[in-house]
Structure formats: C-alpha cells, structure tokens
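Right after this note come the structures.
Heads up, the next two complexes both have chain A, just with different partners, chain B and then chain C.
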Partner chain A sequence: MASTVIGAGITIEGEIATDEDVVVAGTVRGKLSAKEAVTIEHGATVEADVTGGSLVVAGSLTGNVTAVERVDLQSGARVIGNVKAARVTIADGAQFKGNVDMDV
Partner chain B sequence: MPVLASRATPMAQPRTTTRDGEARIGSSARIRGRIHGEGNLVIEGHVHGDVTVRGDLTIAEGASVSSQVVEAHALTIAGELEGEVNASGPVTLAAGARVRGNLRGSAVAIDEGARFSGRLECEFDLPPELGGASRTEGRARAAGRR
Partner chain C sequence: MAANATVIGRTTRVRGRLSGDVDLKIEGFVEGEIAVTGNVTVDAHGMVGANVQGRRLTVRGAIRGDLVGAEAVVLEEGARVVGDVRAPRIAIAQGALMRGLVQTADDGAARAPAVRAQQVAKPAAATSRAAAAPPARAHAPANAAAPAKPPGAALPAPPSPHRGNSSGARRPPPPIVPALKKMKGQLLKKREH
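Showing the complex of A and B:
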C-alpha cells in the first residue's frame, strides 16, 4: 500500500521527501524524493526532479530522474529529462526526450 | 483511475490505485511548499506550507502542519497544527490535538484532551432563550489548554 498518495485533484508546489512509497495521480512541482517506489500514474503531471528506489511513469514527467533500482517508462508516459538508473525500460508508446545513464 | 498494467518486472508490485480526489501524505513524508486542490486530503506526515483543499482535511495523530493558512471544508485535527484555519464546514479537534492559531468554521468541536490556543470564530444560531432570533456571529475567545 502506498504511503503517500497525491490524488488526482491535488497539486503540491514544493519539496516532498519521504522514506516510503509515493503515488502521484495529481500534480507535483518542485522536488520529489522517496526511498521506495515512486509511481507517476496516467494523467499525473510532475514537473520536478525525482529520486527514488524505483520509478514507474505512466503520466507526464518533466525533470531529471535518479533511481537506485530501476526506471520503467510505460506506454502513454511522456518524459522530458535525463534518466539515471542501473535498469531502464521504455515501453512501446512511451515518449521520451533526454539522456539515459545506466552507468550507476 | 486506470490500473497500471502489471509487468513481469521484479519491482512492479501491484499497488492501490488512487480514487479520484483521494490523497494522503504518509507518516514519513515531509513537504515544504504549498498543497492545493480538490478532494479530500489526509496528512499523516509533516507539512510546512499552506494547505488549501476543497474537500475534507484530516490531520492525523502524529502529523504536524505549520502554515500561514489552512483552508478546507470539514477539518479534523488529531495532530499538531500551527496556523490560521479557515474551514467552510465543521472543525473538530480530537483528543491529542495541539492547535495554535485562529479557527474559523461552521461549527467547532473541541474534544477532551485537545489543546488549543487561539481565537474561535464561528457562526451559529443562538437559542431563543438567549435572545438569538437569527444568525448571529458568535465570537469566543479561547486561550490556554483544555
């Protein structure tokens, strides 16, 4: 169960830091750092640098991404920014513009 | 919300998808900045910044919120809150709540064991025996602890 859920109608402007999971279905602007999994759902808008244990993106993300484990860009995802993780997948149907760095 | 397709990856666990307008700030989360939007919000973590939601706001036990202004419909506080509260619905200070600031709501309830320091402002109908015929703005000054 996700510990922090940013619902579809909610906007956070600022800095979020947590040791647990984060699910974003709304809007985040600023900075997002979690120790566990970060999920950016379809319909969500994130304009932030994101760090997490792992990251799944199905929504829109603008910003640089660093994950300890892996980054999965799912179909429908729209990502502009650099991705840094040991394992990265980009699904068919995902849009991505930026650099990938798997030399972690 | 669409359920994320489960994938054959070790990290992609099934997760709860959010219902519309449902939001929660988990107990280990710290937020510096502004939170606003529609729908209900539950804060279990620590928030430093203004919170404005159209729906109900719950500040759970163990949570702390420090803001200039907190705006919501119904507001339930069991944690710590510092700042001005502007609720369009009822405000409840549950046992264990610690609140510093002015409270405005359609109704205010302070439970036994809650601590409140500030001013209460709420509109209510005075009973006829107290001479209240129509809506009167009641202003109570409450300070210290209960």
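Showing the complex of A and C:
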C-alpha cells in the first residue's frame, strides 16, 4: 500500500515531492518527483515531468520521465514524452511517442 | 472514506492547487489551495499552508489558512490553526489551538473582512510595521492593531521621522495589512525551513 495516493477525481496542479511510493489515479499537472515507486493507474491523467525510483504507467502520461531503476509502460498506457531509465519495457498495446534513453 | 480517497503521505510535499470530488487525508505537507467536495482530514503530522474547503474538515495537525466546511469543521486535540473557520457546525476540542475568526453560519459575511484584518495584524512583525506607519496610512487596520503593540514600540508612533526624511530620500510606504495577508504563504515557508 502506497503511502501517498492521488485518488480518482482529484486534480492537483503544482508540484509533488515525496520519499515514498506514489499511486496516481487522478489528475496531476505540474511536476511529480518521488524516491520510490510511482504508479500511474488506468484512468489517471498526468501532465507532468515525473522522476522516481521506478515507474509503472497504465494511464495517460504527457511529460518527460526519469527513473533510477525501470519504467514499465503497460497495455493501455498512453505516453507522450521522453523516457530515461536503466530498464524500459513497453507492453503490447501501450501507446508511446518519445525517445527512450537506457544509458547504453 | 470513499474508495477514491486521496492520501498525501508523511514525506510528501505538495505545492499547488488540489481540487476535485474526493476525500482527502493529509499526513504530509501541502501549500497552495485545497478545494474539494469530499471530507478533508489533516493528520497529526499534517502541515497545511492553504485555504481549505471541503465538506467536513477534521484537523489534528497544523493549518495556516482559512477553513470552510460545507457541513462541519472539527478541530481535535493537537490541532493548530491560524486562520478563520467557517462552517454550519464547528467543534473545537480541548487541546486544540487556534487563532482566528470562528463563524458557525454564513450570515454576517460582510462584517468578516474587518475582523480578519485585526487577526492578521496580531503577529509581532505586522504590529511593529503597522505602528510605524505614518498617520495618513494608519487607518482602520493600524487602529485595530494598536492594543496589541509590543511594550518596546514608541507610543504613539511619531510622524516626524517619515515627514523629515521625505524631502530627501523618499522611503517606500510600509506595506498595508492586506498585503501581509497575501504573504502568508511565504511567511509560513520561512518559518518551516
């Protein structure tokens, strides 16, 4: 259970910074930075640059993404922006437009 | 809490506007504005520098800002609130601290700004500035602040220094009280860092 949850139905416009896991099911505009896992659930809308330890996307994300460990774009995800992480997976059915940088 | 509840965790800092139709639990730090239609709970660890609007507000942490509850505002033990509280039903439990206007109905809203100005003028910094204001500017807000003057401040504020200097280097007028109200967020930031 993540300790920070942005529930469905809420809109946050601004900056979110945290040391813990974050689950986003609502709308975030601005900037989201976490030290641990970030999960963008199906139905969520994120228009923000996102940094985190790892990132799982099943919803809609517009913005640049940087993760220390990995980024997983799941089926149904819609991502527009550049992705930078040591490991990146894009599942069948994920929509993605942007650059991938895996530090090779 | 509803299934779509939002939790701002202990190490989470949010700067900006939170809005929507959800229940909100704040254990971390929020600065900006909160306007939701669900219930808002500020945990004992929660720190909020924002005006908060919600249906039922339950406070156990610190808030600097005005609280407006559509249904109720409950300040529980450990709550620290600086700001006005407005709701049909308001409860302040033993052990809760607050400074500001409390209003348990929507009537009398026209009277509220004057009272609020008095509340804002209370902090020491604001009082000394208000006391130093030249008489032309020292209208209602400064008068309201007068009883709270620190003992060290000159009584009454001598108009001569400002008048004497004004011919040479004209100093900018001291900020008036409503400007301080807008600065609230920054004052809070300074104290907490």
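What we mean here is this: the second predicted complex is superposed on the first by the 103 of 104 C-alpha atoms of A that agree within 3 Å, B and C clash if a C-alpha of one lies under 4 Å from a C-alpha of the other, contacts with A are read in each partner's own complex, and residues count from 1 in each chain.
We adopt the following convention: a residue touches a chain if its C-beta (ideal position, glycine included) is under 8 Å from a C-beta of that chain, and two chains touch if they have at least 3 such contacts.
Small disclaimer: the values here were computed from a predicted structure and weren't measured.
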| task | Please tell me, clash or fit, for chain B and chain C sharing chain A in the overlay. | result | clash
| said: Under the stated touch criterion, which partner chain does A:Gln74 make contact with: chain B (first), chain C (second), both, or neither? | reply: first
| query | Thinking of the overlay built on chain A, is A:Glu13 touched by chain B (first), by chain C (second), by both, or by neither? | reply | both
| said: Which chain, chain B or chain C, ends up touching more residues of chain A in the combined arrangement? | reply: B
| message | According to the stated criteria, A:Thr89 is in contact with first (chain B), second (chain C), both, or neither; which is it? | response | first
| task | Check whether A:His42 is in contact with chain B, with chain C, with both or with neither, and answer first, second, both or neither. | result | first
| query | Of all the chain A residues, which ones make contact with chain B and with chain C? | reply | 2-20, 22, 25-27, 30
| remark: In the complex, chain B touches chain A at residues 1-2, 4-5, 7, 9, 11-13, 15-41, 45, 49, 53-54
| message | Quick check on the complex: what are the chain C residues that touch chain A? | response | 2, 4-24, 27-28, 32, 36
| said: Looking at the complex, which residues from chain A come into contact with chain C? | reply: 2-20, 22, 25-27, 30
| What residues of chain A sit close enough to touch chain B in their complex? | 1-23, 25-27, 30, 37, 39, 41-43, 54, 56, 58, 69-70, 72, 74-75, 89
